[in-house]
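Below are structures written as structure tokens.
Both complexes shown next keep subunit A, but they swap its partner, so subunit B is in the first and subunit C is in the second.
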Partner chain A sequence: MLADFGYGVLIVSFLLAIYAIGSAVYGYRTGSAKWVESSRLAMQLTFPMISLSALTLIYMLVTDQYNIGFVYEVTSRSMPVYLKVTALWGGQSGSLVFWGWLMSAFATAVTLRKWDRDREFLPWVVVVCSVTLAFFIGLVIFYENPFAKYWQTMSGDVITAMFAPAAAVPFTPPDGRGLNPLLRHPGMVIHPPMLYLGFVSFVIPFAFAIAALVTGRTDDRWIRITRRWTIVAWCFLSVGLVLGGRWAYDVLGWGGYWGWDPVEIAAFMPWLTGTAFLHSVMIQEKRGMLKYWNMILIILTYALVIFGTFLTRSGVLSSVHAFAQSAIGPAFFIFIGVTFIISAALLIYRWADLKSEAQMTSMLSREALFLLNNLLFISILVVCFWGVIFPLISELVTGQKVTVGPPFYRAATGPLFATLVLLMGIAPLSAWGHSTIKTLGNAIWKPLIVAIIALLAVIFIAGIYAPYAIIGFFVIFTSASITIYEFGRAALARSRAQKENYALALWRLAGRNRRRYGGYLIHLSVVFMALGIIGIEMFQTQTQGTIAQGQSIKIDGYSITYKDLAIFDTADNRNVARAVITIEKDGQFLGEYYPRRDYFYESQQPMTIPAVRSTMLDDVYVILVDWQPILSSGATFKVYHNPLVNWLWAGALLLIFGSLVAAWPDKEIDYVPARTRREKQVVYQPGAAD
Partner chain B sequence: MSSPRIKFLFGGLLILAAVVYLIVSSTQASAQYFMTVDELNNKKASIVDQNVRISGAVMGDTITYDAKTLSLSFTVADVSGDNNEIEKEGGLAVALHQAVIDPNRSKLKIVYVGVKPDLMRNEAQAIMTGHLGADGVFRADELLLKCPTKYEEAVPSQVKGN
Partner chain C sequence: MKRNFWIVLAVGLLALLWTRQAYAQTPVPSDDAVNAVARQLFCPVCENTPLDVCATQACAQWRELIRTKLAQGWTADQIKEYFATQYGARVLSEPPRQGLNWLVYIVPPVLMLVGVYILFRAIQSMRKPVSSESGMNDTDPNGTDVPVSDEYLIKIEEELKKRQ
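Moving on, here comes the complex of A and B:
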């Protein structure tokens, strides 16, 4: 009964979305504000509707209604309530409902804004949002219905269907199969929604881009309206990616965080184009250049967002992430194709309107360096794309499937990432319009000296001589010291000029120019993350050993001692083997830790939970591999030493903070037509306000 | 053409060349044949010591693990590498099950040194990178497991038996 309600409401929201598309197009064609308004309201109405449907589903998950196929598949009686709620995105059909729910929420939020000056965009924003929404809700209604129930036919077979088949009786299994134990981790609970939030919020800038193309209002207004959406989308996507890495680090027990799995890459690709877009829109705002480039980037991002959702949902690529195969693959393929072709056609149609208003003259100007940044991001995208499709190409050409693995991605993207990080430090110092080696050198030499001193310290004090590591450290030290120097220099100048104390000056400075200083904070966070990545990629060491009680394993100055072991059953149907170890460094006791292995009876699935002693300097990561009930017979441990990896997670926190600073709402600056605004900016100075 | 244009064009070409070089050299250095057990067994001699990637169905009875040396050995049975064929057989779970119970499938013994993965069990799909030794045993450097039951299953298993 409840399921029928949830399904019915979903159909209503599907029809509302279809109606919104029709009435928006009609309203635009006839110039009727009434019809456009009607389409807006219809689209906004989908939000409460889909909310009802999603809440119904959540209610059924929480109340163990196992006659519903989806509920049976992703929950079980022994699961805590919060996991039952989050099981909404633990399975395919539920996650599609969730996608649609977010889409309708964002579409509603963006259309609630005041539209006075941008009325002509409205119908097309409604169309794009509603088309995307209708697609996802349509998938749920026609292909992947989470409300379908179990029925037992006369012959005893159990089938799933929305409505009772002939001569069948309802069937309710006594308990559900439960969420896979590997997914019962806080990181995994919020990783998918973060990615989805990122994916979905990129639809908004895309919607405005299409609106700009259709209406012919191709100045930078669409970019200004969606700037904040882009930052927020980017932040969610970044956090989603990092959380996935954290989950892998905590749960998968291989001491790594990123495996260049095709599905990881699929989520990473829209991040690459999105990041490029985030930067290149600034060139259009400041200089009126790269207009079609921005359009291409956002169209690509949208296609990759849908593609990313598709890859995780279709099973076309072999990957640890792949869900069961289903019929929705072709539907996704067609949707991506059709929306991409229409967007590209619109872009070509408006090509002439998107001419640059200025010429790039200097190789070292800010816009040229931004362009380089964009090219690097796109290069990484090409590398990723090549790696993903290479097996398919090689099979077509030679008849033999040839794959490339993580070494390919590391070798091909490593130099590109390093260049990007270096560029990230230097670019903010170059001026718009024109820069020379001399002006750039003047701005750079002081922080560069600091970086070189730090590098020398690392080489001679820490004794690091590996060439790639030295390059890596040079790049991040340079970038970090320039970024920090920029903060310091500007704050010092302001504190002198305004007679404010230093901290206040820094605060006000950042407050006045949030995007700039939020951006710097994000740059700093990227440096942190790069430090963590260099640490674990280049300096990870590992060892293993079988030791009896009281014996120790040594790694990089640490000593891990086996103290005790307990094996017991828990109330939620697990068998736990939990070892007690102590970690010491140079004879100094650092603490007691508990690596363990849980065995889930229900799913017959073991789960290894490492013990991690974590500091900003390094992690000691201990896995309990095997054990004997008799302590003196020993237990086997695998130990990883992961230097600096914590900077990766710390960087992610700073990234969130930086994004908040950059995206924090302030008074909307009155719209000044692009041409007059640029004329005000004839004075180009290094580090001048962007 | 004005001179800055040429400079930019030149710079662009330079970047393009660098990226093409990176992709080509990295592909050459790390490309691996992706084969089924069947294909590998047919090519045996010619493929010994080459770095390849294979996929197969884990046979649960054959799994042995020596924790002292972290040495994991098991046998995989041939399973199609083609998604469409797997679908035709009735999905990955069915295909893996068929592969394991069918005595006529070609088999391959695998040795892997490392922590035994949590997903290592009967009828899991194993994707391994490594090389075939002259003794006919495949030494895997990398082991990836995929369980079709990991996330979802179409019909409840305890229900099927009724």
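Moving on, here comes the complex of A and C:
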């Protein structure tokens, strides 16, 4: 009954989204404000409706209703309640409901804004959001129904179906299979919602871009409206990616955070175009240039958002044949194709309206450097996209699958990332419009000297001579010193001019131009993250050995001693093998740690939980690989020494803070006087046409 | 007798050398030596999982196979080739440089060069000569950007609001 209710509400939501599309298009074509308003209300109604459906599903998950196929697949009686709730996005059909839920929330939020000055955009924003929503809800209704129930047929087979097949009786398994153990981690609990929030929020700027193309209002208004949506989307996506890295680091037991897995890359690709877009829109805002390029970037971002979901949900990564057999794979493929073709057609149609209002006056101007930045992001995208789809092409053409793994990506993207970080430091020093080597040199030489001194310190004090490491450190030191110098210099100038103390001057300075200084904070966070990446990529060491009780493994000055091992069952159906180790450095005791291996009886899956001794300088990361039943026979440990890795996570925290600063609402300067005349010409004044 | 002694000594030394050489191959390669090769291979069964970290029983057996091969004196390249022959090219961390696989390595740099060309042409088409007195520069005398134009616009808008 409850399942029927949840499914029924979902169908109503789908119909509402379809209605919203129809009424918005009709309202636009006939100039009827009532129909457009009706579409807006229909769009808004989808949120409470899908919320009802999602909450129904969550209720069934929490109350162990194993007669529902999805509930049986992702939960079990022994799971804590919070994991049962998060199991909503632990399986395919539930995650699609979750996607739709977030989409309806964002679509509702955006339609709640004041539309007085942008009423011509409204119907097309509703159309784009509703089309996206209808697609995802449609997938749930027609292909991946989480409300489908178990039925036992006369022949004894158990099948899933929404309604009772002929001569079948309801079937309820006594317990569920439980959530994949790898997904029972706080990082994984938050990681998918963050990624989905990032994905969904990028639909909003795309919707406004399409609205601008359809209506022909191709000035920078759509960019200004969606600026904060874009920053928020980018922040969510960034946090989602970093959380995924943290989850991999904590759970997958390979001592790393990023394996260039196609699933990771699927989420990384829209981040690349989204970041390029964040920078590129500034050129349009400041100089009225690159209008068509911004459109291309946001269209690409939307396509990659759907493509990323398609890659992870269609089974195509396992095999192209699995994709063909999957129910939702072809539907995704068609949706991506159709939306991309329509968007591209609109862009071509409006191409002439998207001409630049200004000219490029210098190869060293900020807009030129931002263009170079965009080229680098798109180059990384090309590498990633090609690396992901080539195995599929190979399988299609030759029948043989190949792996495009980390060595390929590292070699291809390493120099591009290094150049990007360097450019990230230099570009803010360049002026809009015109810049010369002399002006740029004047601005850069002081922080550059600081960077060189820091680099020399690293070389001679830390004894680092590896060429790639030196290049890496030079790049991040330069970028960091320029960014800090920019903060310091501006705060000092304000402190002198306003006679404020330095901290207050810095605070007020950032407050007066949040976007700029929020951006600098984000740049600094990227430097932190780059430091962590250099540490683990270039200086990670590892060793593995089998040792008896009391014996030690040594790595980079650390001594890991095996003390004890306990094997026991837990109340939540796990068999735990837990070792006790101590870590010492140069004879100094640092602590006792407990690497363990959990075996989940329900899903028959093991999970490795490393012991990590963590500081900002390095991590000692110990995995219990194997053990002998008789304690004295020994246990096998794998030990990683990961220098500087925690700067990666610290950088992520700073990134969130920087994004908040950049996205924090200012007192918006409305172009009210300039718009008054235009609004009189706009068709969608309430009551104007009806 | 003396001559026989030297012959026996020489044969004995040779035998000792031979046995030492054979003995030198016997020690079991360490876990680190095995993992150094295994990390260059991917699990033939699991999706995108390097062989050195794969937790399945099958992968444990494959790592033991690597240990055996190393003990027999095989090089890392020979072992990789063996695995590729047995389980297909997907076990290698990069596609072998042959046939269609060359596209993996050629397409990205070609597209990047095309991108550089397009960027160059775009900048060329957007450029115009600028005089030293150009009013386009919104930088301060130190050569750094200050958001003058924004604040200027803000003031104008505030004035317009007041006048409304």
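Please note the rule applied: the second predicted complex is superposed on the first by the 649 of 690 C-alpha atoms of A that agree within 3 Å, B and C clash if a C-alpha of one lies under 4 Å from a C-alpha of the other, contacts with A are read in each partner's own complex, and residues count from 1 in each chain.
Following the convention adopted for this analysis, a residue touches a chain if its C-beta (ideal position, glycine included) is under 8 Å from a C-beta of that chain, and two chains touch if they have at least 3 such contacts.
Given the structure is predicted, the values throughout are model-derived calculations rather than measurements.
Upon superposition of the two complexes on subunit A, a steric clash is found between subunit B and subunit C.
In the superposed model, A:Gly91 makes contact with subunit B only, not with subunit C.
Of the two partner chains placed by superposition, only subunit C is touched by A:Ala443; subunit B is not.
When the two complexes are overlaid on their common chain A, residue A:Pro407 makes contact with subunit B and with subunit C alike. Of the two partner chains, subunit B is the only one touched by A:Gln604; subunit C is not. Judged by the touch definition given at the top, the superposed model places A:Gly288 against neither subunit B nor subunit C. Shared-chain residue A:Gln359: touches subunit B and subunit C both.
Applying the stated contact rule after C-alpha superposition, one finds that A:Phe171 touches subunit B and leaves subunit C untouched.
By the document's definition of touching, both partners, subunit B and subunit C, reach A:Gly253.
When both complexes are overlaid on chain A, the residue A:Thr636 reaches subunit B and subunit C alike. The single stretch of subunit B with clashing C-alpha atoms against subunit C, selected from 80-88, 134-142 or 152-160, is 134-142. When the two complexes are laid over each other on chain A, subunit A has residues 253-254, 318, 359-363, 368, 372, 375, 379, 382-383, 386, 390-391, 394, 400-405, 407-408, 412, 544, 546, 606, 608, 636, 638 in contact with both subunit B and subunit C. Subunit C meets subunit A in the complex at residues 30-32, 35, 42, 47-48, 50, 52-53, 55, 88-96, 99-101, 103-104, 107-108, 111-112, 115-116, 119, 122-123, 126-128, 130, 134, 136-139, 142-145, 147, 149, 153-154, 157-158, 160-161, 163-164. Interface of subunit A with subunit B (complex): residues 72-74, 90-92, 150, 152, 156, 158-160, 171, 173, 177, 180, 182-183, 253-254, 315-316, 318-320, 322-325, 359-363, 368, 372, 375-376, 379, 382-383, 386, 390-391, 394, 400-405, 407-409, 411-412, 415-416, 544, 546, 603-608, 623, 625-626, 636, 638.
Subunit B meets subunit A in the complex at residues 4, 7-8, 11-12, 15, 18-19, 22-23, 25-27, 29-35, 53, 55, 65, 67-68, 70, 81, 83, 87, 91-92, 114-119, 121, 125, 127, 129, 142, 144-146, 148-156, 158-160, 162. Put simply, subunit A touches subunit C in their complex at residues 252-254, 259, 261-262, 286, 289, 317-318, 356, 359-363, 366, 368, 371-372, 375, 378-379, 382-383, 386-387, 390-391, 393-394, 397-398, 400-408, 412, 428-435, 438-440, 442-443, 486, 489, 513, 516, 542-546, 606, 608, 636, 638, 669-674.
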